[in-house]
Amino acid sequence: MSEPKALLKIRDINAWFGDKHVLKGPSLDAFENEVLALIGPSGCGKSTFIRTINRLHEEVPGARVSGTIEFDGENIYDPGVDVVNVRKKIGMVFQKPNPFPGMSIFDNVSAGLRLQGIRRRSKLAEIVESSLKKAALWDEVKDQLNKPGVGLSGGQQQRLCLARTLAVDPPVILMDEPTSALDPISTAKIEELIMELKADYTVVIVTHNMQQAARISNKTAFFLLGEVIEHDKTSRLFTNPSDKRTEEYITGRFG
Amino acid sequence: MNQALNGLRSLFTKDNTIRVPRDTHLSDRLFKYALRFNAWLILAMLLAMFLFLLELSWPTLREFGFSFFIKNTWNPPLDEYGALAFIYGTLGTSFIALLLSVPFSLGVALFLTELAPKSIAKIVGFFVEMLAAIPSVIYGLWGIFILAPIMQKTVQPTLIGLLGPETLSGKIIGSLFTALFYPVAFVYSLVAENAASIDAMFDHFKNTFGGPAFGVGMLSAGIILSIMITPTITSITREVFLTIPKGNREAALGLGATRWEAIRISVLKASRPGVIGAVILGLGRALGETMAVTMVIGNRNEIDSSILAPAQSMASVIANEYPEAFDLQLSSLAAVGLALFIISLLINTAARLIVWSMDRR
Amino acid sequence: MNLKAETGRDIRRKIYNKFALGAISVLGALAIMPMILIFVYILIEGIPALSLDFFLENPKPLGESGGGMANAIVGTVILVALSCLIGLPVGLGAGIFMAEYSYTKTSKLLRFTSDILTSVPSIIVGLFAYAVVVKPLKAYSAWAGGFALAVIMIPILARTTEEILKLIPHHIREAGLALGIPRWRVTMRIVFAGSFAGILTGIILSVARIAGETAPLLFTAFGNNFGFRGLGQPTASLPVQIYNYALSPYKEWHDQAWAASFILLVMVFIVNLLTRVVFKDQRGES
């Protein structure tokens, strides 16, 4: 087997909200075909961290970032870089399902492509179908593609949002606690999907749920107070952590 | 080790912090500039309004200076102009409107927030808000054909009978106002070398409700205005009342207060700045209201001692005379407009600052 | 302890309470009176005066009976269309800016400016339009009237647009951006298009407002009795014609003024009712 390629090389990321220093220089690599889970107590910076990877952090007024993130060898924070291109390559699924209001299911899934300028109906239809299939939603909605996306159930909405992200076909998919607003059955479905996605994508997932991290990820990074305390194979981190603070967290002694 | 190296490196490299670079995409930047241009147009319009009004009224301001605003004369044939009568008319009608509308509006707002069941509050609220949407020319039409005859036949004769100059109450009113305003008149007489005569003042003020009954006039305009500003004052005070947590009322009730005491203590006291802001906003609307006032105020360019008599407001004189005016009369009317513009700017700024400061708490 | 014991003071407080609450309730009941009074009179006076001629005929010369307000109806439509032409792009653009770049100092300043501009007396807006359009062109015209109405429309529309766009939660915008869609397309195609029902309501509401304006038209669009003669010519409008007819000495013109008021009032009423329904839907949805 060939050496796995580090698709994301994140180095020394610092992030601020106004004067509040929320990320204090964590560095991480994310490899092709892996699921990287980020765990840690609330407020540890893991959500901010994931939002620096597709440059969404800077959407918040007063936010600042420093450091480098290399995607496929190119620093996404270089001055000449167009964030639009970054986000085409690095997709994101959010905590709360957020289908676009007033858009049908079809329009929701095809939104990324359509609004990036792709118009051909046949091509869009093809991609919508394949994306919905990958998100395991096709069978449930194939007869109601023209119905509004906001009419679906919570779990279906989240899979719709996943399909919407997959339609753009980004090599990296970021997920910010994608199941925290869902019921257990929907959660199980999303987890199953994530494990399937590994075959084609790099997934970086923030989760509040350690069991979830243990179930679905290859590697896990433990965040505390804006720093990465430990980053290792999931199996090792959960059974034999090298840092005492990690051990305290995963055994439930704080956080 | 790695961290130490990074720290060392940062000493020698430039700070590569990104401060909200945001729109890196060219079309996004163009979009933002286009929108911002539109937004700035609003500010530009306000400024342009001031400058154009100043330009229109410049001949008058140069000719008469500030005295234009304190002179009680309006004589187009002699080209002599002063705006005092209109300022008096505007202040008088607005004052009457506030006097009638404030207690009513506060009562309605309290009813809507504190007493009425939701379904009734909805209906009543809708009826009151609709008042704000009716075009003012319709108020004017209603005023001329419905209100003015009632005023002439019933209301004004009754008022003249009860409070007119020949009655005891009229004389009491005259004495009270004379006592109230004599000090002002006295100080003014020192400056203007204009003897302040107590007799003249008494004669003036006892005629506050003097006849004859014209139907149209300052009081009629004030009544119409009071209806027109009620929705403004009601809706804002209502919002202010709603910002007060339910718990405050319950706390007062828990201490043994009656329902009215609870309302007075926890609602009225706490929302005083907001209510004042609402009243000032209502005043702003009353000062600038044109059509309804023009149609019922009677359009006489004089200061009459009776509030029943025809008068003229700043807005109504512009509406009446501007289409037919030229030269100095035109610019004098524009100067009246400029004054009205500045007054309404000041009043609305003040009111909004008060209401906003209320919001923030 | 005797829970029923009452001192004189308690009784006074109770009476006072009853009186105050009673007074408030009476005021509440009275609150619907002005609206009903105005509405009833407009119905009584306005409906009988309506006829087909009212909509189809221009005013007859003085002394002849009959005639209608076709000129004013056409004129109002033209003036409103003109003001939309100027006002819609600016008002919507400014509203979008205030909503989407709301964190900027510019936005805060403009929000305040819009509120102030909204409260400028409409007669002043008429003077402004006179100075900007009538004076240079040396003629009363539809252009001048349309401009004046646009000045009134813009801040109102900007503020309602802003409020409506802000109903779309921030994470919807982020979801769009995260797909690699340029911001302007996120704004226009997701946020703006997603709240289109609300925006449309805002537009209709501001149109209803300017359609009833009189003061800014008195010496800008002025009026005429012959029907539309071109955008550079004096143009009639319903509100101004109501004003002129109301002050005329002719009974027949008074009746027509009532009829025109009825039309305006019904329009305003329907629009406001519609707005309530739509806004309720909007709020209920999110």
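Should a chain be cited, it is by its letter among A, B and C, assigned in written order, with residues numbered from 1 in that chain.
In this text, contacts are C-beta pairs under 8 Å (C-beta built on N, C-alpha and C of every residue); 3 or more make two chains touch, one makes a residue touch a chain.
The shown structure was predicted, so the numbers you read here are calculated from the model rather than taken from an experiment.
Ranking every chain by how far its Cα centroid lies from the centroid of chain C, the top place goes to A. Across the assembly, the chain pair joined by the most C-beta contact pairs is B-C.
A simple rule picks the central chain: find each chain's mean C-alpha point, then take the one closest to the mean of all protein C-alpha atoms, which gives C.
Chain geometry summary: the mean Cα position of chain A and that of chain B are 55 Å apart. With centres defined as mean CA coordinates, chain C is found 19 Å away from chain B. Chain A and chain C have Cα centroids lying 47 Å from one another. The set of chain C residues that touch two or more partner chains comprises 182.
Contacts with at least two other chains are made by residues 59, 61-62, 84 of chain A. Within chain B, contacts with two or more other chains are made by residues 22, 25, 28. Against chain B, in their complex, chain C makes its touches with residues 13-14, 16-17, 20-21, 23-28, 30-32, 34-38, 41-42, 45, 89-90, 93-94, 96-98, 100-101, 106-107, 109-110, 112-117, 119-128, 130-132, 151, 154-155, 158, 182-184, 187, 208-209, 211-215, 218-219, 222, 239, 242-243, 246-247, 254, 257-258, 261, 264-265, 268-269, 271-272, 276.
Listed in rising order, the residues of chain B touching chain C in the complex are 22-23, 25, 27-28, 30-32, 34-43, 45-46, 48-49, 52-53, 55-56, 103-104, 107-108, 110-112, 114-116, 120, 123-124, 126-131, 133-142, 144-146, 227, 230, 234, 258-261, 263, 281, 284-285, 287-291, 295, 315, 318-319, 322-323, 334, 337, 340-341, 344-345, 348-349, 352. Residues 12, 14, 25, 27, 58-59, 61-68, 77, 81-84 of chain A are the ones touching chain B in the complex. Residues 54, 56, 59, 61-62, 84-89, 91-92, 94, 96, 98, 100-103, 111-112, 115-116, 150, 161, 164-165, 168, 170 of chain A are the ones touching chain C in the complex. Put simply, chain C touches chain A in their complex at residues 103, 168-169, 171-182, 185-186, 189-190, 193-196, 285-286.
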